[in-house]
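One structure, pasted below without further comment.
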Amino acid sequence: MTSETKSNLARLGLMIAVYLILAARIPSYYSQPGIAALLDSAVLAGIIAVGVGLTMIAGEMDLSVGSMAAFAGILSIQLFPYGMVPALVIVVLFCGLLGALQGFCIYKLNISSMVFTIGTLIALRGLTLVASNEKTVLIPFENIAETDFLSAKFFVFSIPSATLLVLVLLVDFFSRRTLWGREIFAIGGGRGEARAAGVSIRRPIIVAFSISAALAGLAGALLSFRTGSASPLGFEAVLLEAVTACLIGGIALAGGRGSILGVLIGLFTIRFLVSGIAALGAPFWMQSLATGALLIFVIIAEAAVGYITRRRRMARALTTA
Amino acid sequence: MTSQDVSHRAKVTLPKTAYGLIAILVLLVVASVTTPGFARVDNIFVVIRAASLTGIVAIGMSYITISGNLFALSASALGALLAVLFALLTAALGFAAGLFLTLGIAVLCGLAQSVAISLIGNPIITTLAFGTVFRGLAALSSGNSILRIESEAALWLGTARPLGIPTQSWAFIIAAILSWFIIRHFKIGREIVLCGANPKAAVASGLRVGLVTAIACAALSIGVAVMAIMTVSQFSQAKADLFMGYDFDYIAAVLVGGIALRGGKGTPLQAALGAVLIALLQNFMLLHGLSAGVRMTIVGLLVIASISLFHILQGRGR
Amino acid sequence: ESKGTVVVFVPSSTNPYIGQFQLGAKEKAAELGYDIKVIENNFNQSEQDSQVQQQLASGETVAGYIWWPFENAAGVGSLRALSQSGAPVIVSNQYPIKGTEAYWTAYAGANDFLSGKTAAEILLDACAKADAKCDKGAIIRFPAGVSAGDDRATGFEDAVKGKLDVIDVVPTAGFLEDEGYKVAAQIIPAHKGELTWLYTQNDSLAGAAAQAARENGLTPGKDIFIVGGTCHGDSKHVKSGEIAGTAIQSGYWEGWMAMQALGKFVVQGKVVDGESYLEGTPDAPPSDADPLYKYNFLPNPAVANSQAAYDAAKLWGKTADQLCNF
Amino acid sequence: MLRMSGIVKSYGPTRVLEDVDLAVEAGEVMALMGENGAGKSTLVKILAGIEPADGGTISIDGATVSIRSPGHAQAAGIGYVAQELSIVESLSVAENVFLGDETLGFFRSAASLARRARPYLERVGLDHIDPLSLAEEHSVAERQLVEIARLLSRKARIAILDEPTAALSETEIVRVKAAVRTLAAEGCAIIYVTHRMPEVFDLTQKVTVLRNGKSFPAVETAGLSIGDLIEAMLGRQLGQMFPPRAAHAGEEILRLDACRASGLKAPVSLSLRKGEILALAGQVGSGAGAVLRMLAGVTPIQSGSVTLEGGAYAPSGIAGSIARKVLYCSDDRKRDGIFAVRSVPENLSAPALSAVSRFGLLSPALEGEHVTRIARQFGLGERFLGRLAGNLSGGNQQKVALGKWIGLDPKILLVEEPTRGVDVGARSEIYSHLRKLADEGLSIIFASSDTQEVLGLADRIASFFHGELVRICDADDVTAESLTRDVTRASEAA
């Protein structure tokens, strides 16, 4: 068993523990509709976390996803008259394009993406306000029933939550089994090393940022369609949740390590926790404290495990030297 | 986390603060030509006042950045916690005690974060987690109510204008000069810069990296405390939802000031200039009656443009 | 014996007004014999949406819902889902969007249009009393995109049409003093000698604006008239006359009346079409036996800007001090 | 086959290459030599597409090619092993072998990569390694060999190796040499950058020398002597590489009694006298460096005792050893020796901040005095003082890394690989500075895998093998052969 499998199992264990602790007090955690709702609640942060996770694996971080999702939400509702599917496709493509442009600038400027995307985070939010005329935009109420199919459940899945799961599998496959995906891991694990070995830096950066933006766009559009409206101020908190999911899911901030499946585990760990605490009727600061505590716990555990493996490796190197 | 290759090319020799000054001058000229009422002296004071509190925190944040710890995401939440605690302590023990205890607690919060950063090795995650905890504690200790204080001294601190300049602006100017002086002329300042430049070499040279992180975190916490105390004093009240969503403002000021995120370079003065530049632009747009969306878009573009410019001027693009 | 659980969706008690709302709802629920569960979302509409999903999925039978969406329009989908559960839904605080009537049982809460209108009346009154010429002025608004701000501005502008000249509508970054101060401190000097009044949408912003005015050599209540229109936190600016006056908008009573509306529906089983402005009597709260209307509005009794007036002001048996300083 | 002509390259205002020519034929190994900073790496980086050239042409088989990215270089059949490791630690060994190789198709599985990587790993003697294991689990030497395996897998027509053996021990160097010979035999044109003279004479047919960014026509290796080569590189004759030894050494200053630490398999006992230079000779992983790290407080002393000037010495961490004036300079100056983005004076005063400040305030006068003293002692010219340390050449960087300690009045200087990657000219300067310091009473221990350096610089030599101390002798009693035998005892035993 590789160390990565081990760490993923440990994370899975943590997720199950959180689930069981809360399930003991919340009956709906066992019921089919309850699980369906939990899955649904993970869609927004989940789809976005997949994209952000990919940029983190590349050793970058896309901070602009929240604004991108809000922008996509406004755009998709405004395009609703042309039909939902065309609107969705246009929005996702457009966001993907914006993301590619952003990735290209980051590559070309050779600048830290955290610096650059703080700028786009602010600018895109402003643009969203401008595009929406600073008002929440709505699907006409007579048409709102048209979006019902997005909330319909098939067993425990809805279309959005199935989309999330399919996306996770797809992106996981992409990241592990394709040249472009491996390039993302390579430049995250060692930018200069990968470049010296002949890996193009431009392609993986552009690919990671355009996937991240396209997924943020998809999440924003899907969620806005489901609720039938989009607010220019929406999706502000999603970045922190997505990044937290990635971190709990084992994606290293330094890049190059982690897996998209791990992100899913991290995501459900916080969803179980946050939804559970809210469902118990506890005030917000309890959610806040619990999330913070969980994150601190995970990173300290990680630091400890890392320390121990380094010691072991050193000891092993000594005995085999 | 940075995408730069480690390359050392020739640098443009003009100090980066000069670019900030030039940008401010250009904006000033353009603005004063196009905006009636903009170039008046009192409007300049208004802008500096508007930049003051953000600027003080940005100055603290620049210590984090220069010391090689990127940035902290817990400043706004810590601000809320400190505001609430300052109000509680002042109400219970009086202004002086409230002031010093709050500063003390701020330093402790900074130290706690620095210990965690040293253990975990990642300032962003650590402060992300601490931020949620601070906000939770702020809500918890405020009991979800508005905390009012009645203190003449606090009111003076929050609203007085010695020599016609608001206390907040005094604090900002003093903080900028003081922190520049510390970085430039104090031994610990040099240590901060060196630790940011290369932490491993700093350890090997016997520099106190742990202490440096602690000082940087404490500097930010003190900046946050000053902001919190002055805000509470000005309005004689505190709430747990103060400063919500401000973190990116502080970071934007640091970035617009042209401080390299990789650490080891730049001075707190640049963060102060960045804050003034953003406030100047905001003021200009406010006076032009631009809508919130347009204002935000332009500030975002300013951040992008200024960081790109600094970057290209240093010849780091591809 | 409990009559069932009422589930209350609110943004977050980190905001003291919402804390008061919860308190009012809880006390009324206890009085009526209901259990209450409050679900907070920390100002995040998508989180609130998934909380609704979660709640509905639990299959719990509830006595009813109280719905305070964080983002009014964006929450319509969730509101609709709640209504489809069959349990009564009382909407509160955020004035329902036209066209959604089928999704909720009754609205019980503040009326932001009314709040804007009351503020306008206070302002006009103050100008008239001081015999000052009020014409040009500005509205300092809640952040762009917040619907309560839009509604209050609309109510205010409707009420002052033809009487005052609104030259500027400026969105702030937030709802709190420091954010209001930042805007006011830049707007006032830039329009010096031009602004005769300011409407700031709440008293936190008004107090900050008064401070900014004073710092610019303007005496609030003389050179410039400032009104917020909802008492909130610091009453010192009202008592000292700096703010032209205020109105009691009580989070406590809003939560209370939302819960009362739900109780009324359970007992009476019907909703009368139309609007009802609950009477702002000083002493007795409205009776549970009154009919439930489709729209039930919290009264916004105006309070004049003097210590005496403030001390005398009462709503439904609680003093202004109890209701405004939480 | 390959012809580069008129290559020009500047970094900002500094011209690094001016009008450089280079030509290699198929099946030929060409040594590229020159002092540190001569521009060797820059030249091969241009060929490998890592850096763009400002001017000049590159032609392959007579056709002019334009190489603007590593991808172009690969397409042109150029394989490249970089001077710094280019192994991504978080990827598997197999993926590292095929890193940057787009010919394997868009879809790829770990198992098939591993299968394909195995033959190449075997050719560089890494058959014991699991191709699926992560690169970080292996030693630096093994990782370097993985890079050679990558070069083999590329089926390159032109292979560039930039100091491939700098981090390797003799046995591994043998494997690299064998791999290079096979490549050449297969008709590959090879550019081989190295500072190691024996390799040049052993492996290459021609030598091209770069000096100050200018190239000299290639010469046949066979007709060259070491002296000629050095003269060509330096543009002058290297008088005496090593300074004369000390006439006498003082009393004992440091004594180790049966000390163990991580990296050591058997207890080590040795002593050091005042003004003496002691060499710890050994290949990579021999434990020579481990002794230094133990004395420097980097790794704890697990057992045994150390006596410094008659008192017990057990440093807790690096600050502890600095407090006792036992100072350590590691073998990786980029990593922890210099502050690349800060100026040279700031680097030189870094460990001595307390000495150059008063009441916590830096004193410009004290600092200036401190810096000029070191600069004078270490031959760092005025013109370097205004520069960022990262912009200096390797030799000058090493002077900064070493020199910064001198200001602290050390009792014992511990130096690991004092001249790794430093050219002959700077090397001889560093040796004479170290000797001068020793003559003034400083005691020096250095660890080195360079036999010549050990023999030339040390008063006494302690040889190490596989974590054990082999023997301690006076330098006069040691010959190159006996030393090589001591530090490679394994090959004898095997």
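In order of appearance the chains are A, B, C and D, and numbering begins at 1 in each one.
Here, a residue touches a chain if its C-beta (ideal position, glycine included) is under 8 Å from a C-beta of that chain, and two chains touch if they have at least 3 such contacts.
Remember, it's a predicted structure, so these values are computed and weren't measured experimentally.
Interface comparison, A-C versus B-D: the higher number of contacting C-beta pairs is recorded for A-C.
Chain geometry summary: the mean Cα position of subunit A and that of subunit C are 36 Å apart. Taking each chain's centre as the mean of its C-alpha atoms, subunit B lies 43 Å from subunit D. Between subunit C and subunit D the centroid-to-centroid distance comes to 72 Å (mean Cα coordinates, whole Å). Taking each chain's centre as the mean of its C-alpha atoms, subunit A lies 29 Å from subunit B. In subunit C, the residues that reach two or more other chains under the touch definition are 12-14, 43, 143-144, 171. Counting only residues that touch two or more partner chains, subunit B has 6, 135, 138-139, 144, 240, 262, 291-293. Interfaces, counted as pairs of touching chains, are A-B, A-C, A-D, B-C, B-D. Against subunit A, in their complex, subunit D makes its touches with residues 48-50, 69-71, 73-74, 80, 82, 84-91, 95-96, 99-102, 104-110, 132, 134, 137, 139, 150, 262-263, 265, 285, 466-467.
Across the interface of their complex, subunit C is touched by residues 26-28, 31, 33-38, 40-41, 44, 129, 132, 134-138, 141, 144, 147, 151, 223, 226-238, 274-275, 278-279, 281, 283-285, 287-288 of subunit A.
Across the complex, subunit C is touched by residues 37, 42-43, 46-47, 49-50, 53, 135, 138-139, 142, 144-146, 148, 159, 161, 166, 231, 234-237, 239-244, 282-283, 286-287, 289, 291-293 of subunit B.
Of all the residues in subunit D, the ones that touch subunit B in their complex are 11-14, 318-319, 322, 328, 330, 335-342, 346, 349-351, 353-354, 357, 360-362, 388, 390-391, 404. Considering their complex, residues 12-14, 37-47, 49-51, 53-60, 71-78, 80-81, 97, 99-100, 143-147, 150, 171 of subunit C touch subunit A.
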